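What follows is chain A paired twice: with chain B in the first complex and chain C in the second.
Right after this comes the complex of A and B.
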């Protein structure tokens, strides 16, 4: 076990946990976007930043990727942290301010508008879908393509992926509904925003098969879990 | 667009790609080395070659695509035998890179970022080569040419052109076969 202090509260957690997990297990709220319980930490959104006391002064770290250390002293709500989260939230608002998830997240850190202008897109490149496809489904049908401001989530060559089994796990984990599921006919549907019809396949993990899944009610069709 | 036609003309030969893959045996970590070799051989990454790579080394096609689109050293579009890279960094821009680009576009008959239909010339811009005192600077296979002016561009063009006719066969893609346009590309 490892003993550390978060916001003045003395906490004991197992070795190998992250600061975020330690905080959440003990009722300390840290806002997150790219973090998902079922996925490996990514450290992309910078909403979960916290301040760590070090011999050389305070250091800002992403709590979702930082492993707990014995004797660590962590503050989750300092002025600097608040400012950093605000800027991150403003940038997210500039890109996807029309999505309820981002609005709520921004409101939770006291941001309701943005001074920045960015091309509007529901996708905030949190990589949840890409990681879910790789880590949960084990397929890796989609990935990040290009770099910098051109970066997008896309299947190879931006055409429908032959590897996709239309399990819709990506739809499930997407926080901003950037990936949608469309029923084309009773038996054909398309996941993602790219025009395509996918061949049916089986999930390697849960033995779920699209044929069986199609028979459940329309309400449940957006949920696979 | 011309590019699709060019892509169809250059069909990667399965045996060539296999040869490249056989040289590397480090599994997933050989991805970059394999892509570099393919880029070197064809001067771009043919779609079929990327699919072959993902089938041979344990990396999903999506990851191969991700890596191929991330690095500037890789191109998914065919590139010309001679490449003109014009620096458009701040110093070069101020010293007249735009004039140099305009002249090259006129001479080559292509826009920036394009490749001529005969797969001879590619014109592209780069952001900074770190030789700002020599700006505007143009890079070709002949090396770095600094302090470019329109008349120096004309001279450089003649030099590159004469080089092209001397060893016309030396740098050609592994297979440029007009007949290949008739056959359907392999899945």
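Right after this comes the complex of A and C.
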């Protein structure tokens, strides 16, 4: 067991947990975006930043990836942290301020508008879909393509991928509904955003096969939540 | 082929090599580094052999040695004539015959090929007397330009691999780490972490396998220190790595080099093959029972792949994206095994420390930064090139004495140190002593040693925009602050340079830049705002001139300047009108000309072609 202090509260947790897990298990809220219980920590959105005391002054770390250390003293609500989350939320608002999820997340850190401009898109590049497809489904039909602000989620070469089994796990984990599922004929579905109109394979984990799950009334549905 | 099975055999071979060296034998050293090759050194070598007519080479009367770059790339191709050490610069293949017939034949010095001091026009004959050479402290680069990098014998003749023999036979791993720690060597890849401490962490990690890596990714624009060292003295890096492997208990080594460095890779491959052939690499090195092999991995030229965790991901075959630390490479690195990664210059400092002792190494430098620093000096400076100077030299000495100052009668403005992750330092701080800590206090970083000198004609907002453009393109895009923060910072800077900035933009830069610096996942994002922050710190008035007065004080930003013809000066020669690519200039022959500001694209062509200096920028 490891003993540490978060916001003045003395906490004991198992070795190997992250600061975020330790905080959450003890009722301390830290805002997150790319974090998802079912996925490995990623450290991409930096909403979950906290301050760690060190001999050389406070150090900012992402709580979702930083491991608990014996004797660590952590602060989750300092002025600096508030400022860092605010600017991150403003950047998110510039990107996807039209989505309810981002509006809510931003509001939770006191942001309702943005002084910045970015090309808008519902996708906030949290990589939950990519990681879910890889880590949970074990398929890896999609990945991050391009660098920097040109980064997008795409199947290889951005062309229709026969690897997608249309299990809709990505649709489940997408926080902003950037990915949707659409019925295109009475038997075929497509996972929107990237092309995937293909004869599907079976899931390696649960033997699920998209063809057997098709009597869905709605023409377009979003699997979410 | 000699398989060396003990230090004794190594020494015996060294003596044999030295016995064959005749210090009086004439020798032409021709720089054949990448820079000089681009300037025609290969053709020059061919012509020299032709002129020597069979006399060149081992069996002839004159040695002809293709060396790596000694640093003065702008003056290339270089030819040095031994034993007199006459230094010729900007030598063309047509000069080959004169060098052979006159200098080698009658001993005559060819004046037109000598270096001329730009300050007083004085000609300098001998290599060690060149101003930029005499002011340097050459240690790591001592053999650059002196030896043939493709022959292990040349390295051995200068004491090569003696440090390795000592490390294998006379020292235990802790002893090696102790000497490296006491030398005070700090990582030359940028961050300046104490090398001995890092080695100790890696040594302490328990594992069946451990790796060492040489970071030869060198991605800073304008930086060629590592390339030059890899080309000029590859064995020193290999020797340093084997010593490090022995100290840390590493089982395999990798050199991660960019594929844009084909000559460096060729020389490294040769060095590795030679070391293997002679029992200095592979199994049972020098008969000591210690095993290590080193492989080369090529990177595809992404700046972020120089970051250690991205570099390891790239070696593993994954996308070159950094990952959060901890765990640090010393605990879990390449393929999850303890790994130690050092820069090219750090590795090649190791044999020097082991051979000469940590005290010798620490003789030079400041209290917390020992040894020498290698800078690549470019921009508005007379002697562009690579220099090795003691840590603690002042910026003034470096730029004005070693670098020869700013060309023309222009005034020095600032120096950007540390590449895109660094910052710029203005004239007020020219007397600052350069070391890791002083530079970071001033808002710059040592980085890998890239140094860009600017003069009064440089716009600092434009400079910040240039570096921001670089980092924004090189950001891997994984984390939000760097992916979008640098993008927004670049958009704002571009807007300001285009004349469309608002006074509020300065506040936006000041709010966003610190967030990118603190919140980003890896060193790229954490240092990306430095050029903006340091120019804002020292040249805030230039930003204000751009957004409030809508004026670019340096006369660079096209959106903010107007070209006009000085009526007093214009002779109506029509040269500008003929050269203007968009026909913005009108006027009759021998009458004053005018520029139509609406048509003018501010390309500056008229200014370049006007013989009477009659174009004004406002």
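As a convention for this text, the second predicted complex is superposed on the first by the 212 of 225 C-alpha atoms of A that agree within 3 Å, B and C clash if a C-alpha of one lies under 4 Å from a C-alpha of the other, contacts with A are read in each partner's own complex, and residues count from 1 in each chain.
Heads up, the rule we're going with is that a contact is a pair of C-beta atoms (placed from the backbone, for glycine too) under 8 Å apart; a residue touches a chain by one contact, two chains touch by 3 or more.
Worth saying up front: this structure is predicted, and the values here are computed from it rather than measured.
Trainee: Have a look and say if chain B or chain C is in touch with more residues of chain A.
Mentor: The partner making contact with more of chain A's residues is C.
Trainee: Quick check on the superposed pair: does A:176 touch chain B, chain C, both, or neither? Answer first, second, both or neither.
Mentor: Once the two structures are laid over each other on A, A:176 reaches no partner at all.
Trainee: Looking at A:88, would you say it contacts chain B, chain C, both, or neither? Reply first, second, both or neither.
Mentor: So A:88 only meets chain C here.
Trainee: Identify the partner contact of A:147: answer first if only chain B is touched, second if only chain C is, both if each is, neither if none is.
Mentor: Touch status of A:147: both partners.
Trainee: For A:60 in the superposed arrangement: first (chain B), second (chain C), both or neither?
Mentor: It touches chain C, and chain B stays clear.
Trainee: By the touch definition at the top of the document, which applies to A:117: first (chain B), second (chain C), both, or neither?
Mentor: In the superposition, A:117 contacts chain C only.
Trainee: Contacts for A:18 in the overlay, against chain B (first) and chain C (second): which applies, first, second, both or neither?
Mentor: neither
Trainee: Between chain B (first) and chain C (second), which does A:44 come into contact with in this model arrangement: first, second, both, or neither?
Mentor: second
Trainee: Name the contact category of A:125: first (chain B only), second (chain C only), both, or neither.
Mentor: second
Trainee: Of all the chain A residues, which ones make contact with chain B and with chain C?
Mentor: Residues common to the chain A contacts of chain C and of chain B are 144, 146-147, listed in rising order.
Trainee: List the residues on chain C that touch chain A in their complex, please.
Mentor: Contact set of chain C toward chain A: 302, 319, 323-324, 326, 472-488, 491, 504, 508, 511-512, 515, 518-521.
Trainee: Which residues, counting only chain A, touch chain C once they are in their complex?
Mentor: Chain A reaches chain C through residues 41, 43-46, 49, 60, 62, 65-67, 80, 83-84, 87-88, 91-92, 94-95, 115-118, 125, 127, 144, 146-151.
Trainee: Quick check: in the complex, which residue numbers of chain B touch chain A?
Mentor: 47, 50, 60-66, 69-70
Trainee: Over in the complex, which chain A residues touch chain B? Could you list them?
Mentor: Residues in contact with chain B: 130, 133-134, 139-147, 154-157, 161, 163.
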